[in-house]
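Here it is: the structure, laid out below.
A, B, C, D and E label the chains in the order they appear, each numbered from 1.
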Amino acid sequence: MSNVNEYKTLTANGLWENNPALVQLLGLCPLLAVTGTVTNGLGLGIATLLVLMGSNITVSLVRDWVPNEIRIPVFVIVIATFVTLIELLMNAFTYGLYTALGIFIPLIVTNCAIIGRAEAYASKNPWHKAGFDGFVMGLGFALVLVLLGGLREIIGQGTLFDGADLLLGPWAASLRMELIQFDYPLLVAILPPGAFIGLGLIIAVKNGIDLQRKRRAAKQPIAKAQRARVTSQ
Amino acid sequence: MSFYIASSPHAHQRRTTQHIMLWVLLALIPGLAAQCYFFGWGPLLQITVAVTVALITEAVILIVREKPLRATLGDFSAVVTAVLLAISIPPLAPWWVIVIGTLFSIGIVKHVYGGIGQNVFNPAMAGYVLLLISFPVQMTSWMPPSTLATFELNFIDSLWLFFTQYTSEGYSLEQVRLIELTQSLDAIVMATPLDEIKTQLSQGYTLTEIKRSDVFSGIAGTGWLWVNLGYLVGGLLLLYKRIIQWHIPVALLASLAFFAALGSLFAADQLPGVSLHLLSGGAMLAAFFIATDPVSAATSNRGKLVYAALIGMLIYIIRTWGGYPDAIAFAVLLANMCVPVIDYYTRPRAYGHGGKAL
Amino acid sequence: MSKQASNAVQLWDFPGGIHPPERKQLANRTPIAHLPLPSVLYIPLRQHLGSAGNILVQPGDTVLRGQALTEPGHTGGLPVHAPTSGTVQAIIDHPSNHPSMLAEPCIQLIPDGLHNSVAFEPISNPFEATALSLLQHIQQAGIAGMGGAGFPTAQKLAQSRRIELLIINGVECEPYIVSDDRLMREHAATIVRGSLLIGHILGNPAIVIAVEDNKPEAIQALEHALTQLDSQQAEQISLRVVPTKYPSGGEKQLIQVLTGKQVPARGYPAHIGIIMQNVGTAFAVARAIDHGEPLMERVVTLTGEAFAQPGTVWGLLGTPIAHLLTHAGLQTEAQQRIIVGGPMMGFTVTDLQIPITKTTNCLLAPTTTEIPAKRQELACIRCGACEQVCPASILPQQLYWLARAKDHDGLAQHHLSDCIECGACAYVCPSEIPLVHYYRQAKADIREAHIEQQKAEIARQRFEARQARLQREKEERLERHRQAAEARQKALAAREREHAQQAEPAAPNAPAAASDDPQKAKVAAAIARAKAKKAAQQVQQQSQQGDSESS
Amino acid sequence: MSILSGILVLAGLALLFGLILGFAAIRFKVESDPLVDQIDEILPQTQCGQCGYPGCRPYAEAIANGDDINKCPPGGEATIQKLSDLTGREAKPLDAAHGVEDVKKVAYIREDECIGCTKCIQACPVDAIMGANRQMHTVIADECTGCDLCVEPCPVDCIDMLPVTTKPERWRWQLDSIPVTVVDATQALPEQKAEPKEEHSGSQV
Amino acid sequence: MIFSSMKRNGIILAAFAAVATALLIAVQWATADRIAAQQRNEVMRTLNELVPRSTYSNDLYRDCTLVTNPDALGIDSAQPVYRARDNNNHVALVVRTTAPDGYSGAIHLLVAIAPSGTILGSRVLQHRETPGLGDKIELRKSDWILSFTNQRVNGENDPRWAVRRDGGAFDQFTGATITPRAVINAIQRTALWAQANSNALFTAPANCDAATQGVGNE
């Protein structure tokens, strides 16, 4: 029972309460650079998710053998290995996306969200929980990437799923939607400043929702806590 | 009868934010008049739309944020922002350009940062940059000075162009912007003088050759010279009324002139000189009206000198080597970012902290 | 000679400063007036910086003018004197002449109208007397700095450091106030005499009397007084005219103007060999030494357009301000401001019974057209105007943000403690932010936090000491029990042995029966009372709960 | 060959760094953590026990071991903020389960009702109550932390918690706390004291 | 104690590094062929857009020579030239070239030229022109680049090879004339050079390796 609860908490943390992109504000460099379209966001999101899961599970499995002093180097080795693996695999199987995401795949190594989870969670919990944590954290990160990519794509070029075939194969070319036909799209959305503004707005919306929820939460009766007697009386 | 409780000082110099902003608006008039004389009704149309949008946006945001409406709307800071943005963009840029720009300036750059006094960036310039990088075509479609223009635009034509991009007779903005040059039979489409120089230089012409064109009046851009002089007059008025202090305008212009002179010294025929830099673009507007925005500028006198000199240098660098034609907005925003550092390192030494410690 | 000298000497400038409208003509055209005696005086025990003295009188005592009502206690303090003859009616808590108007102990004196004085004891040949005896005399006269802070004068003059310069401050830079101006015009010779006496106490340093250039009559009067001196004294003392700029009368600023030196932060002028005294203090010192008169009255400016007859008056210490306001013909309006002090640094009061004290130099009652009411505080636009006018070269705007954020460390780093609260920053602020008020509150908060921290430290030590004591006591108790148990066992063993030898009945020791103890009855009664109270509370609580549930 | 050399080079490097880290871990070890002392410094030392721990020091130890930082009503928001700054944890609002922030108070014993039972003396965590058996007790106001632990043990309910009175020199410039008095203009100026009528405090700051 | 700590940490870290490296090497070995094929496909896709697959019969990807000619190609480094042949007939040269004088720096292009001098097509590979103004040289933004297809350069002073504003045959962009000028010049220059050196280029040895062939369509 407590297990179920723990998974629930992990899920809420990863997707909302402690979302790596919106709350921890980690891994912003790839997040802001590649989210010009949904496809790019999704690609990098999936890559990050895979790395995060892989590294979390591995770190958790080896945690008993790793002395405290060298845990960070070991984590880095694990993460770097996974990133390189993903990079090689993407290069081999999704070449178009590989060229589109370009230099940002190796940058996943320095995504603090990953080493942060390894340090904060995976190194203290069993492998299945760590893996699940990696999955929801990665999912939370990927969702933000996709959301931001979607926003920027719609405002900046009026489409959605442009270039999905690069990621998902030729069938996905039909996913492309032309939502709005701009004569003059708001180019800033696709350019890097648009990513900053967009992320800022998403964070603002998230905080706004949190505030609303807090306000709405019914005032629970306050249980009086036991007061300690400092003295024998 | 009741007694009134208040904290000292009880006396107050009656110079309020509102007062300052109204003077700024007043001082813009000479430059604006010159702009209208040379470039038609466009600036006035832009200002009308910009001020309306700015006030509505600010009012809506203030209501949403549950802030006092009268006091903030009444300080005219939103109006100043709107006017500065409106006169910075091409006179007949389509209406939605200024609407988007003003929305961004007031909504995002001013209020998301917390409203007046809190914004890190100059709202008008941030709005300008947004427009420039989003709509480069519209934002570089400048009108030729009326003395050179092929078309004479009346108010109705301007209105049509502003809202539809075509005159009532169906001429497009592109056509209206044509100039017939006297020394060659070519007709060219007008850009700003500085942009024109950059284009021509890339074609291998020398500066002396370029400046023979009608677009230039010998020392600076035709029309643009008078616009800049107009803003200079307005700026001097602000200085005289002590609305602004000399530090920022002088340091900005001096720094820009210094680098321009340095450039001329090394490559007189490849780099525009002092008079072109000071009088052909938006240098005067920037020096007296934009960089002096108190909110986003440095605070101490020494800090203001550093801040303005930095803007001058950045303007020169971006104009000479940058990817966009005008540089003022970028320069001001970059300098805005440096303000905390400048402020930190130009703190005055507090009384009694000079000698040995006790 | 003095005029040429004063013009030739170099002056410095201090950073910042403002030029508010001076409006001194309102009150400086008429001589200092004497008022009829008020019907009651509230003489605060504490009118200076420091602790109050010990009370020497009791309700019902008849006192004479100049009689000491308090004496310095073991914690120091300055005596206060009866400014007129009369009867001590009571010693009460009365609203104080302080921005908070919180009540403070005062001696309530009913004047008898005779104005009989004690026999004053002047010092006949003061320049022959020792500095120590003069200082004692000044302290017994109850003289405190009359410029504003009210620091006991004798304490300030009792310097072990070598003093090279004595500055007599007649700058009076704050708008409206003309007390020192009038005093200099009418009693220039006494002021010069007082200055020389103070100079004598300090071992004859150079003496400079500083006056702002907007007081030509005062300058003339002082110049005249200086020409009356013998050559040796004239050599020692000089008059210096400083340009008008607020706040050039601030101690630190005036030192900078006259000498170009700055008083080190958290230091005193004496650290750089300088002592400053107000002209009013110099006057009081001269009166005390030459006439034996303690400090009983002072010049108060009554000014502002709400007065029908503005001017200056001699106010007896302890006079309720209502008496002075009536005298000057105050015409109140709906939202009347009564400001004690000037328009830049004074504070508003709402109770007109607060007394005049040794530091009350001005009562300002402006009309709302003259000094408009405060408007809504707007957002700071970072214009930096405050920074330009700050005479202490600190960053008012940064301090404002830090004060709002309650960042005490940041405030300390930005030298909040060097703020002299002159109000120049708030005067120029286009958003009308009451900056000084923020600083005052922040300073008070910092002071409070400091006091609380000291108290917490003491509490912690006491708590730890107590814990240690309890631990020790517990161990001792255990030890005693152990010993007792051992003893019991020994005794038991012994008794058993004894018992074996002979059976002896031991008479049980009857417990002390003290049933008729009155104390016990009282205790029982008290416990019964408490129980009843508790029961009543419970009933009340239950009924309240019942109410809240039903509602 | 290149495969093997790749592995060897990386393993060698890792070995080297591992050796360095192993060396550094022993050589540059930081001695015990003074965090508890720092936390204890921040706590108000009222020793009131409202946090659920017997005194401030035990609560400081509990915080250092991960307990919440919002359980100290006497310290209030200011203390929570400081603890948040020190520990890097989120500054949550005061946990109302432990009580609410209140004005500073000091205990006062109504001496005529006191029966001299010494129970309050034993309850006082800072030994701020003087008295002996069957003697009237009194509180040393300057030492009282206002913890109110003495109130409950008193069998005769003779202890009151009174708010600390402000003195002018410790006044905190709260102008809006000064009541605005509405006075009759005709009565205000002559010497007879007008009876002020309290009204809303409409002061401007 | 210090030595045991060093030994333990060193060995564990080294073990991790060794395992990780071995794993990576294994994966790289497994994917190497596929990656090479992907790169080749990418290059071929662009090449085939310019030179239709049906018109040549050789292995265009391998039939590549490196040429260093800063005057003609606008860049100091060696550039690949692909040779399309149908049996032994010369079909086309595909040259990677550079316009160094774009508004914001160099523009990298691929130009296909028939031995006759006719331009078969051109693509922009990489540029940093102003978004919204100069970036219309990309095929994704505008089909302006297609206007060179089947054009011919008649000598160095061919008046048609200029933007309209300068009296030429090609459109400029609103608000930007520098960028199209640079591209036109570069294509003209490259075409003239390729035409003049056609035979020499076709007979040069094939000496490209994978590293220099990346087209990097960005």
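The rule is simple: contacts are C-beta pairs under 8 Å (C-beta built on N, C-alpha and C of every residue); 3 or more make two chains touch, one makes a residue touch a chain.
Note that the structure is predicted; figures quoted are calculated from it, not measured.
Traced through touching neighbours, the fewest hops from chain A to chain B number 1. Top-ranked chain pair, ordered by C-beta pairs in contact, is B-C. Look at where the CA atoms of chain B average out and do the same for chain E: the two points lie 42 Å apart. For the pair chain C and chain D, the distance between mean C-alpha positions equals 30 Å. A separation of 54 Å divides the Cα centre of chain B from that of chain C. Centres computed as Cα averages put chain A at a distance of 62 Å from chain C. Those residues of chain B in touch with two or more other chains are numbered 1-7, 133-137. Among the residues of chain E, those touching two or more other chains are numbered 5, 8-9, 12-13, 16-17, 20, 131-132.
Shared interface positions of chain C, i.e. residues touching 2 or more other chains, are given as 332, 350, 373-374, 434, 437, 440, 463.
In the complex of the two chains, the chain D residues touching chain B come out as 173, 175, 178, 180-185, 188, 199, 202-205.
Those residues of chain B whose C-beta lies close enough to touch chain D in the complex are 1-7.
Residues of chain D that touch chain A in their complex: 14, 17-18, 21-22, 24-25, 47-55, 58, 71, 95-98, 119, 122-125, 147, 149, 153. Of all the residues in chain D, the ones that touch chain C in their complex are 40, 43-47, 55-57, 78, 113, 115, 117, 125-128, 134, 143, 145, 154-158, 166-168, 170-175, 178-181, 185, 188-191, 193, 196, 204-205. Across the complex, chain E is touched by residues 62, 65-67, 69-70, 73-74, 77-78, 80-81, 84-85, 88-89, 91-93, 95, 99-100, 102, 184, 187, 190-191 of chain A.
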